[in-house]
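Reviewing the structure listed below.
Chain nomenclature is as follows: A, B and C, assigned in order of appearance, with residue numbering initiated at 1 for each chain independently.
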Amino acid sequence: MSLAQHLPALQVVLPLISAPLAVLSRRAGLAFLIVTAAAWTAFAIAIALWLQVDLSGPVSYPIGNWEPPWGIEYRLDRLNSFMLVLVSGMAAVVLPYSRASIEREIPQESHYLFYAMLGLCLTGLLGMSITGDAFNLFVFLEISSLSTYVLIAMGRDRRALTAAYQYLIMGSIGATFIVIGIGFLYLMTGTLNLADMVDRVARIENSRPGLAALAFITVGVSLKVALAPLHQWLPNAYTYAPSSVSAFLAATATKVALYALIRFYFTVFGDAFLFEKLPLPKMMLVLSLFAMFFANFIAIFQDNLKRLFAYSSIGQIGYITLGLSFDSIDGVAASIMHLFNHGVAKGAIFLLVGAIVARLTTRQSAPPAPGFDRIAGLARSMPWTCFGIVIGGLSLIGVPGTAGFISKWYLVLAAVDKGQWWLVGAILFSSLLAVAYVWRFVEAAYFRAPPAGREAFGEASLSLLIPAWLLVGATVWFGIDTSFTVGSAIEAAQQLVHNHK
Amino acid sequence: MNVEELILAALVLPIVGALGIVVSNRSPNVREGVTLVTAVAVFACVVQLVAPVLAGSTPLVSLVEPLPGLPVAFRVEPLGMLFGLVASGLWIVNSIYSIGYMRGNNEKNQTRFYVCFALSIAAALGIAFSANLLTLFLFYEILTLITYPLVTHAGTDKAKHGGRVYLGILMGTSMLFLLPAIIYTWHVAGTVDFRPGGILPAGLAPASVTVLLALFMFGIGKAALMPFHRWLPAAMVAPTPVSALLHAVAVVKAGVFSVVKVVVYVFGSSILAGTTQWLIAIAGFTILAASVVALNADNFKRRLAYSTVSQLSYIVVAAAVLAPLSTVGAALHIVSHALGKITLFFAAGAIYTAAHKTEISQFDGIGRRMPWTMTAFTIGALSIIGIPPFIGFVSKWYIMSGAFSAGMLSVAAVFMLSTLLNAAYLLPIVHRAFFRPPRHDDHHGHDGHHGEAPLPIVIAICITAAGTLVASLFPDVLIGLAQRIGTGGAI
Amino acid sequence: MLAHFSNIITVFLMVAGLFIIIARGNLIKKLIGLSLFQTSVYLLYITPGKLIGGTAPIISPQYTVYSNPLPHVLILTAIVVGVATLALGLALAVRIREAYGSIEEDEILERDHGVEAEEAKEARS
């Protein structure tokens, strides 16, 4: 059937159309329906594409029938079909949650704009994942970034505005760096098609423009990834954005940027060059360790739950880049599955923290910061919410039975493979830092007495709990049945890593 | 039901029971009825496994495969059988005891208590029946997490602090040492299954073997090897039934069980030969040092906790001696110490419930008011000290025979000395309780005229004491199981 | 020298733009710096596409040398992105001015600091 052939295009086009339709509808309810339908369809398409790649190998789709390398090509392999499932799946879960969640966070009259922006953001992220064209990647990056700035600015606290502005400046610098890098690559190779670039880059990568391109792309993407020390925009953005936006961004935005990093490093430049001839592995190692220890350590001392888990995200990104720096199948596979596993767990946590914020918010006041004094003794009134956060936290720690354990297993295995025992110790010790901040939450929610002035309130509403618990369930599910995550990640790593030693 | 279904039933029933407990939250009688019925049903499942295992079969059940080639799988072999029997059997008794204790002391959050208890038994059985290191690790961590709410049950600052130490040490050691040990085993051996004779390749360098052994031994923090023993005294803030079943039986025995299992089924005696001296030294030191601390502790539960630390190292030493006889002794000691120590803890809880006394110096003449409790205590104490013909003597006998056969006289010396210390910290309590007149200056109102503890407590304590006697008189099944360890027909 | 002329301009604009973003505290000025920075990239793409003596790429037997049209197309997109970024940045600046009464970075930080101190006090009491 002809429609099935066009799934790669529909994957991006459907969410893209849903955004202007949502604006035109001008009604919150209708806009919600349109964007949610688009997101669910996108999720179904992503699964279909993943199955297609699983059955018959990489898929190439020429946009507008212009043959690559002249036209823009959408190209699906193991890695990005996996990313599509993550991104569209998170959108499919976050959207139903948003309906109830933004009720008190965003003025009623701009709800339809919120959905339009979420649709655009989804478009950008899906486009970044699916495209096989370097400049197209930049354009989708900007689509997702611009809509993200708007989404963050929609938070009710006025600091959301400054957070969005700060992210706009840093994000635009990052994107411009990326486009400079792509420009150099284009100048040297004469092509923008990533697959076409591979052979041509091999000839010029040792030249000065080639290295400059690498440097610009590395810095630019690292800014979007929030790789410490380029992470300053992230804590404020996650803290002050509306709850569902924090969850969506934490689960997808940095992950797709990491995907772009993997794509440029392993597909375009090729690991044989990057990891053998350049001091890149050492550099990534140092930065990753810095992120793992510094950010996890800072997280322990945060009073605002959202900010705490934002710092935790920066730390977890360190694990992902650490896996990449090993340049082995196990290491890269660990990174790829941690993209997914951490995305799901952190998404669940932010959704549940959002449910807490919703309960603490009154109609009149701005949402209060979910500080430890405010959440004291909360487990009694919100048992499901708190228990869900604990399970998500266990996945951050890497307790067996949760998704986080699986990625940690492969990460440690990769370190053992390299014979670097001190790294094994570092990985495991830094995951103990996660125990400290997760247990701060446990002690506050379960053992402290509720503050005297707090009104009694019940469990979060089901419309918030069900999406969040879907993700909590996924966190446990992917800790036990890992055929999807581990299978995809290992095969993707086998396609990416050529540097078999 | 066939054997595979029995294994799964034993693991699933406590979880079902936990659900039943949650549902019957409103009615304490139904809730505790559910607990008891579940406990009996689980024990019935486990008991039915004994005959096939004695007959030499080691049934295997494989569930899911979280990592390629690494399934969550269960295999019942003699050592796990012993541990499973002890944990599930004593759960019944402990449930009877809990009813008396929790009601007698008007504890809060009793539903949470019973739920966590049922789930910890499921986790302990998961450890007992685990077929590979991954499964063991999975249930090991679950057991740590699920017992955390029990340790911090009181919710006070002291309980919170105890919980921190408990979780910090158990999580910390398992994450920092046990997990890399498992991953390294997988890396060098290509499997983490438990197999008789071990799985490590014969060519592994002695230095690597030593490091790996150290990672395992300190990684299994539940075995309470010094210097990672402090979680056990810290866990004593929990209600006494928790201390009794979990911190004298399920949790700590899960630790030493894992130690024996790793030594016998992962390393195997041939690859370890000559590399375990340091371990014997550390465990020997733990035996003596913990006994000395116990000698000086006036708090009853603290004394018992340090006694447990010391007794656990008996089993570590027994495993490290590597002689077949001492392995039999190790398995027997898991049983004998469990029966004895749970009786002692029951006595501590009985005294606390009836008289609200926690310090040994307050126990003068208490035996006359609580004759059942203190008689049972005496039986448990004699077994732990290792007086013939009690089962504690049998297990020690096997361990020491093994040590002699391996020519390790120093081990025998440590055991002699420690037996004396055991007697020195347990017998004075008996003496105080029965032969000293009650002191009258410490009577404050209500606790002046207490009698025996509530009936469920007395029943439970008599059952465990009787259990000790029965095991002492008829140790054949236990010895039969213990002798089959490491020889089973596992692939 | 002439061959490098465009490159020199490009680099100058790039560095000047970045410097303004970092050195200026005024939110509008920062945006101007950002625009300059992005404009430099347009030059980076377009100038190498021009071949001296080349014409617009319309196939005709008279001409054999064409300029590369692709950079123009790309940069058209980039300009759109740049305009959108600038518009959004300015809109944010307006909203920030409404919320804080200032568009100077240090004053905004100061005001936020005051709020945070109050919040902390409130939480303690």
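The rule is short, and it goes like this: a contact is a pair of C-beta atoms (placed from the backbone, for glycine too) under 8 Å apart; a residue touches a chain by one contact, two chains touch by 3 or more.
Not measured: the values here are computed from a predicted model.
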Chain-level touch network, classified as line, ring, star, complete or other: line
Central chain (by mean CA position): A
Distance between chain centroids, defined by C-alpha means - chain B, chain C (Å): 67
CA centroid of chain A to CA centroid of chain C, Å: 26
Chain centre separation in whole Å, for chain B relative to chain A (CA means): 44
Chain C - residues contacting chain A, complex: 18, 21, 27, 30, 34, 37-38, 41, 44-45, 48, 70-71, 74, 77-78, 81, 84-85, 88-89, 92-93, 95-96, 99-100, 108, 112, 119, 123-124
Of all residues in chain A, those that touch chain C in their complex: 135, 138-139, 142, 146, 149-150, 153, 158-159, 161-162, 164-165, 168-169, 172-173, 175-176, 179-180, 183, 186-187, 192, 369, 371, 373-374
Residue ranges of chain B in contact with chain A within the complex: 64-68, 72, 134, 137-138, 141-142, 145, 149, 152, 155, 160, 164, 167-168, 171-172, 175-176, 179-180, 183-184, 186-187
Interface residues, chain A side, partner chain B - complex: 394, 397-401, 406, 408-409, 412-413, 416-417, 421, 424-425, 428-429, 431-432, 435, 439, 443, 446-447, 479-483, 486, 490
